[in-house]
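Some structures to go through are shown next.
The same chain A turns up in both complexes below, where it pairs with chain B and then with chain C.
Entry: the complex of A and B
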């Protein structure tokens, strides 16, 4: 198995940073906020490998930096420091000046201009946010939401876009006659499914899921999770699944990272982490699960 | 008083030629050069106070004044009309501060300032067209924030604009923009061609003339240099098209190939007239002679 996405030293801080930051924040201390200069280290020195057709889970409590990590990977926020590279795939060949000659890995994506970052994102990634408002334009039709992603990738035929959007909405069980309705008319579960359809529109190998089921009731959660699992197998997706719900991680992911105060404290096979947690924080997390 | 005498007179009197002082002209010309170098890009500049309220063509006036020479022949039109209040006042102003001669004939003019129209008669590479622009930002329709639209331009991130057109087609079967139709200039920047009707948009494409756009209130200048690609945004299966005047003709000169204004007469009767009055007059004169 080959990694598809590789990140090293991903860091995002809010504030100037100072000498006391290293000792005052992070996994070993109580907070990710420096007691001296009040800098928040939302994400510090995170490394991860996402393998082909693998689902990687990221767990941790609120404020542990999970969503920040996803936003850095999706180029929503600029990183303070770090290295992110993607493996050479046919879809990425058309992005200008992304790969060195004969090199299997791209240049550092975080150091690239926004123009090429967007090209990489359009060709290789889809994202589903916890809040549908972040991923969807509520005033635009559902079909239009999917078309936006296609337009950004250079599609210019309305017929072709509607066909693709229709197929995706059908796959995510949205009735076709509601394609021209804005997602604000939809229920939470439906909005989440429109987000999934939008994320898959560019046929990306990587899907980022940021707390997809949080805030949905249990039966809808089950339905969305089933769908994600089917899609993963059907489209052979690599997924990054962020959740504070260990059940979701257990259901979807082979491997898991545990984050605390912006740092990774433990990583390994999901079963191993859930059955035999090593780090005290992970033990606490597993022990606090509702039985 | 002829132009050259006027110029000498003005210098003797210690006043500047063409209202603007040298510093202001330099500022505007510098912005113009940058605008020509990056077709379709909006260059910020220090818009000066004019003896007209902003919104009445101060952007176009500043561009014209910064370029005027005593031997220039100027034509000013407003909605295609040489005789409207805005056009007449601006012409009087140019006569007074620069002593240039004024014309209504597109062919004769060396410099044409306009609002809302491009003249029907084709222009040459010896002419310059200056457009008064109320809203320079093509993306304003989809994004209210100036910081965001600047970012979108710099990253060539135009998916939102395209989405706007997509939604129009899906909901109404047609793109509803009648004027200010967004265009891609030189394959890079999406530009607002000022409020010209769709009819005039193809005239910008690969033209011989230099087009300069000035927005005084918004403090922006942009340009379409000669022989530059100006392509309206369109879909492969939904092409851009101009207004349809099939079966209609000008009630005054009989033209069938011009942009027509619809005039409501007494009793609800409808008739059509050329929007470009200079061209209409010319046609009518030729017609009377023959």
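Entry: the complex of A and C
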């Protein structure tokens, strides 16, 4: 398996930071907020490799930095520090000045301007947020939501966009006759499926899923999970799956990172993390799971 | 094919005040290609722990687990990079546990067809056809093929698990109590299926609760724990 995305030292803090931060926050402390300067270290020194066609899970309790990590990878928020690079793929060749001549890895994406970050994101990533209102415009038709994404990726023909949107919605089991309805008319499960359709519209090799089934009732959750699994295999996607639900991670992901207070405390094969956790916090997390 | 040397495993339980549990100590055995090695020993002796260390579900604390892979040559499963272990699990090493763990609300036939599509590259139609044959063989009635296994009996779930594991012809198959909740007749069918797989060159390591089952299939037996 070859890596597709590589992050090192990924950090995002809110506040000035001070000398006491290092010892006062993080995985070994009780909080990610510095007791002296009140800086919050939402994500600190996170490293990860996402391989081609693998699903990588990120688990941890609320506030552990999982969603921050996704937002940094998706350039929703700027990182305070860190290094993020993507492997050369056909889809990314058209982004100007991304790769040095002959290099298999891109330059540091976090140091690039917004326009190029956006181009990388459009070509390589799709995202599904926990809250559909973050990923969708709730008052715009479902087809329109997808067309918006296609427009930003350079599509111009209205007929072609409509056809593509229809195919994606059909794939995610939204009835075609409801394509012109806005997502706010839809149930939670349907809204997540529209988000998935939108995320896949640019044929991205990477899909970021942030708590995609949280808040859905169990029967809807099962359907969405199964759909994600099918799409993963069918489209050969690399997925980053963020969830506080170890069951979801177990079903979808081969490898998992465990986060606490903004830091990665343990990483490994998912079944190993769940059955032979090494770090005290992971042991606590696994022992707390409902059977 | 598989050479386990001085394998040991200790669990450090941080929540119980740093308690250390020594589960395995200095286990060694060797399995030639196409042979079935049975693990015997009292409950709690660490038989399943051996299987899980080979599969890398558990991290070995000491020793080595050399597996001869078609793709990578000799690999130490105790220390191999995660990406390599994932690849091996996809193409060469299978594991059958006592429990079926799958995405809810996926029909049984699709669950069995999935590894055939992914690992053997069969078309969806071919995979479903082959999956149906395996389920027939294991006497899962046709009427249940389109049902979700969550509603099945323990024995039926276990047979679905076996169907998922044997269809794609792994070169090493680890079996943790594969016949535990089956009646004698069903267990006999499972053993026949496993013998055929072995005859086609699959190497197996298995834990059986029932010594009679063990003696029916194992070419050789190693005792784990206790006073050998």
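Things worth noting here:
What we mean here is this: the second predicted complex is superposed on the first by the 291 of 291 C-alpha atoms of A that agree within 3 Å, B and C clash if a C-alpha of one lies under 4 Å from a C-alpha of the other, contacts with A are read in each partner's own complex, and residues count from 1 in each chain.
Everything below uses one rule, namely that contacts are C-beta pairs under 8 Å (C-beta built on N, C-alpha and C of every residue); 3 or more make two chains touch, one makes a residue touch a chain.
Please read these numbers as outputs of a predicted model, since none were measured by experiment.
Per the definitions stated earlier, placing chain B and chain C onto a shared chain A by superposition produces no clash, and the two fit side by side. Residue contacts after overlaying the shared chain place A:118 against chain B, while chain C stays out of touching range. By the touch criterion defined above, A:136 reaches neither chain B nor chain C. Judged by the touch definition given at the top, the superposed model places A:223 against chain C, while chain B stays out of reach. Contacts of A:157 after superposition: chain B is touched, whereas chain C is not reached.
By the document's definition of touching, neither partner reaches A:109: not chain B, not chain C.
Of the two partner chains placed by the overlay, only chain B lies in contact with A:147; chain C stays clear of it.
In the superposed pair of complexes, A:280 makes contact with chain C only, with no contact to chain B.
By the touch criterion defined above, A:51 reaches chain C but does not reach chain B.
Vectors from the Cα centre of chain A to those of chain B and chain C enclose 160° in the overlay, to the nearest 10.
After superposing the two complexes on chain A, the closest approach between C-alpha atoms of chain B and chain C comes to 37 Å. Of all residues in chain C, those touching chain A in their complex are 11-15, 52, 55-59, 82-83, 85-87, 101-106, 114, 117-118. Residue ranges on chain A touching chain C, taken from their complex, read 1, 51, 54, 218-219, 222-223, 225-226, 229, 233, 250-251, 254-255, 268-269, 271-272, 275-276, 278-280, 283-284, 287.
On the chain B side of its complex with chain A, the touching residues are 154-157, 159-160, 162-163, 166-167, 169-171, 235-238. Across the interface of their complex, chain B is touched by residues 113-115, 118, 137, 140-141, 143-144, 147-149, 151-152, 156-162, 180 of chain A.
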